[in-house]
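Comments concern the structure below.
Labels for the chains are A, B, C and D, by order of writing; each one numbers its residues from 1.
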């Protein structure tokens, strides 16, 4: 029993709990907080997996920007308790069980996948700085085109958001 | 040979004119439209002339000169006789004649039209159609194979339809257009089948190849082919029994009547028969049929012409009967004479129509001769030109008509296929022709004015209308003099020129020349003999009778009409042919179409099927629609269901995981 | 006992965290005192004066007041989030500080752990930003959960404002990162070659000189990030009563208060590290006398206090100021001992620079009026962002140019 | 330092993903549905990082990076749409928004 395993289980429990909370909470803002919790836990898991850069990006972009946006919108629209309507029969009876079925399937298959046999060494063992440097190398050489493409995507997204949210005058 | 190698230019010019006017003319001033339309035709005429000049320098073995531009369609290369059609044009003597006639007369009529149509709406449309017609007509006469010829054939039909129905707001005009198109269709059906049979028989549609192997084909097949083709000619050239469309076609503008329904298009049938003469010459029965149809038509429509009062109707029936003469000529093997008459007829009949148009123009749209009279002094140019044309058509010696008609009747009398009865019909017809033509002239120009002079202000037409009249008048006089030397024992230059074309039917031309030359008498005797021939006599007779009836004592016609009322009404109503057709063909057809095809087949079968399909689609869609509830959650549920299934498939059955 | 020997990192970390926490808390408290004093003097007032000599005990009094006041919670508030928000704010504020190195890593404990660096992770800057980026939630959630329009509006404004200015903040920093070619604080301070030199032998190679534009952008954005005047729209009294913490009282309010000052300290630390050469002294190392500057300054302070005690103070205040005098003088004397003098260099300069920036903050507050909201937004997006972007682009170009020329 | 099998991470990501799916179909509020999508993305990212770790290269991380970027763009547009929706329909319940056009 060592720290990494303890950390892993702690984060795993946190994230799962957060996900459950996301589902069960009736206030959208509670769901949002739950999701932020999940993201934090996942970020720590990234650290454990020796990907500090990704962890930081996860927090900055996801927790720091995207989720803030969500919270902001929730506040803006003053979204109250969600009403639990059940207009769709299949969603009412089939939805949740199907979801869990899918969960079991994927979990089972992933668990038995040969990739899983490897051992994830903790953060300490890997040279983060070097990894980050290599990551940037890949990002700006090997994956340059996708990178630029994403930048254009972002630009278009900004424009789209502006056009959508613009007040009709 | 700059132009001979680019025959297509002759066609392309009018087509370009049509395209330009049709596309852009709407917004243009009349002058612009004129310059395009007339310009293109004039250029086309010049090109044609140049072509002919170059043609005359060709050696005999180069004739017919064929310009092959591109392969239009090819089918069944595998078979021994692949169906292969080239867009090919050809020039031989026959083509040359037609080419000159069409482009020249066409040019004159274009010029005339610029004056005649000046006040009409749709000016650009008219000239665009007219140019298009020129294009198709030239295609027809220059075609090197039956298919291209057929294109021109149908194209001129189309243009005739468009131009007859030019004033499409007038119901009678629109109907006339349709009538012309449909009636001609009947003949064209035969023509099409004939072309197919030609291909089936000869394995090709190119004239030269057909003629080269005409000899070894059985006669009865050739006869069938010829009869089928002749059916097409009947339709196009308004012979019995399909002539009914031509009189109605007078609904169109007069220049159109002149160009299409007198000078060029209606003669296409004759041209086609002449073009296929090698086949016809091998099929005596077909020849006989052609001759009979021609002669009977000539006589028959002449009789109708006797009593018509509409100036253009008279000319229409006379056209029919003149076409009859041409077919008679072909039928008796005198193709040259037929083509000769075709040419002269183009001159004087075109002139007649244009002059009639000028008269109508002067009378402010009045077409009924009984409401005219005494126009002689008021519109002298029109009067004189028209009088010349009348002399020409009446076959008065010295005028163009005389030579050609004389040649025809002579061939009918003592050609190789000579037939007395046909000759008789021809002669009587000639007399009648002379009579009703002079009747027309006298009614129109002589006697007391029968119109209200305060209402109608008769005025001579503008220069651009009268000048073409004069040119044509000149031709109506001298256009036939190619044949003049023959009368004095010389040779007929026209015939000599055309001889190579009809060499396939050599015996004919030989016979004619023989008939012309073996008269042992002296040239003077020949001349006398020709001048005192029956045609001349009856022609002058007709003149005199007409003068007596309509100038000397104008009350005789009425009394005659009283005495032989039955015959008169019969003629006046054109033998009730339209009514008979209506009763025998049109009404049953309508009845069947309405009660069987429409109510049973269309509504029951077709609509039923369509509606059934629609209903099935709609109902199944209505069922499927229920899934598309628009509720995102159910969509999500469906997606998950699919994902579950797919993952199960992937990992479970295919065992991708391990 | 052997647990300690097994986990040196852990132990050292615990110790350092405890000490840092204490220092920072005190610093927060006295920062408020500093602010009030400075503003007061700028406005030619005395400021806090009665509670303790020169109001030196005022922060303590405030803290006690906050502790003992009744903690009112609006009945309509969302209890969980309402209580969560202030903790979030403060804890984030403090955590950020834990990433700051206050001195060179060379100065170490006996067990080989760096003394002035709590968590020596490279990518430290990235994580600092990560934490500051989450800082929004404290304000936003507080605004939402207290279920009052003022608070909600304040929360909305602050979240919008923080998101907007965070962008410029980050971008304005990137220029420096490009120069240093690293995210590691030590390299950021010492430069890529690891040994910071001098221009013209006397201008220290601090990033502020090449990156002056970035520095200005950073300062502006940082003020906005910490919701300080002139960007304190979230708590604009004149329009929103008190903004996002309108409904807060007692210790929860105090937490927000401390969080704000913690953030101030953080951003000024960051500014110091990124632009002002962190713990490096402005003078060439050859000038050995500078080792005595800390003690000298302390002794001077002691001297002033002593004079002041004797001349001005009466009664209890005289006693208190005397204590201060003794502390300062003692500290100054201890710092005369060469090894300590050497070791104290880093923290000294660091603190000095931080204090300078903080003073600038307070100065701003005392000087400038408040922006209007639309002005704020348009300023952030239409001026600050483009400028910092241009700065970034130009910097990148200048760096890459030589490579393009010969490479 | 530690011995956590990659498969544990993978299973965790699977669980998170599944929960995200459940949330997607279970929630009615369009914003929370959006969040559940983000949850799924996070799960996938976790799997990516785990794979990258197992394979010992960094492509997985690059992918995660791209996923995050795309998620950001998606959130921007999506939330704009949500705002429009709320303004036009006065309801965030997806089950009440079953028509494309009012």
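Couple of notes before you dig in:
One rule holds for everything that comes next: contacts are C-beta pairs under 8 Å (C-beta built on N, C-alpha and C of every residue); 3 or more make two chains touch, one makes a residue touch a chain.
Not measured: the values here are computed from a predicted model.
When chain centres are taken as C-alpha averages, the shortest distance to the whole-protein C-alpha average belongs to D. Between the Cα centres of chain B and chain C there is a gap of 105 Å.
Rounded to a whole number, the gap between the C-alpha centres of chain A and chain D is 6 angstrom. The geometric centre of chain C is 36 Å away from that of chain D, both derived from CA atoms.
Once the centre of each chain is set as its mean CA position, chain B and chain D turn out to be 80 Å apart. Counting only residues that touch two or more partner chains, chain A has 53, 57, 65, 69, 74, 76, 87-88, 91, 95, 98-99, 102, 106, 110, 113.
Counting partners per residue, chain D has 21, 24-25, 28, 95, 98 as the residues that reach two or more other chains. In chain B, the residues touching two or more other chains are 629, 631, 633, 636-637, 640, 643.
By the definition given earlier, chain contacts exist for A-B, A-C, A-D, B-D. By the touch criterion stated above, chain A contacts chain B in their complex at residues 87-91, 94-95, 98-99, 101-102, 105-106, 108-110, 112-114. Across the complex, chain A meets chain C through its residues 27, 29-30, 33, 36, 52-53, 56-57, 59-60, 63-65, 68-69, 71-72, 74-76, 78, 128-129, 132. Interface residues of chain D, counted against chain A in their complex, comprise 1-29, 31-32, 34-36, 38-39, 42, 45-47, 49-55, 58-59, 61-62, 64-66, 68-77, 79-84, 86, 92-93, 95-96, 98. Note for the complex: chain B touches chain D at residues 629-633, 636-637, 640, 643. Within the complex formed with chain B, the residues of chain D that make contact are 21, 24-25, 28, 30, 33, 94-95, 97-100.
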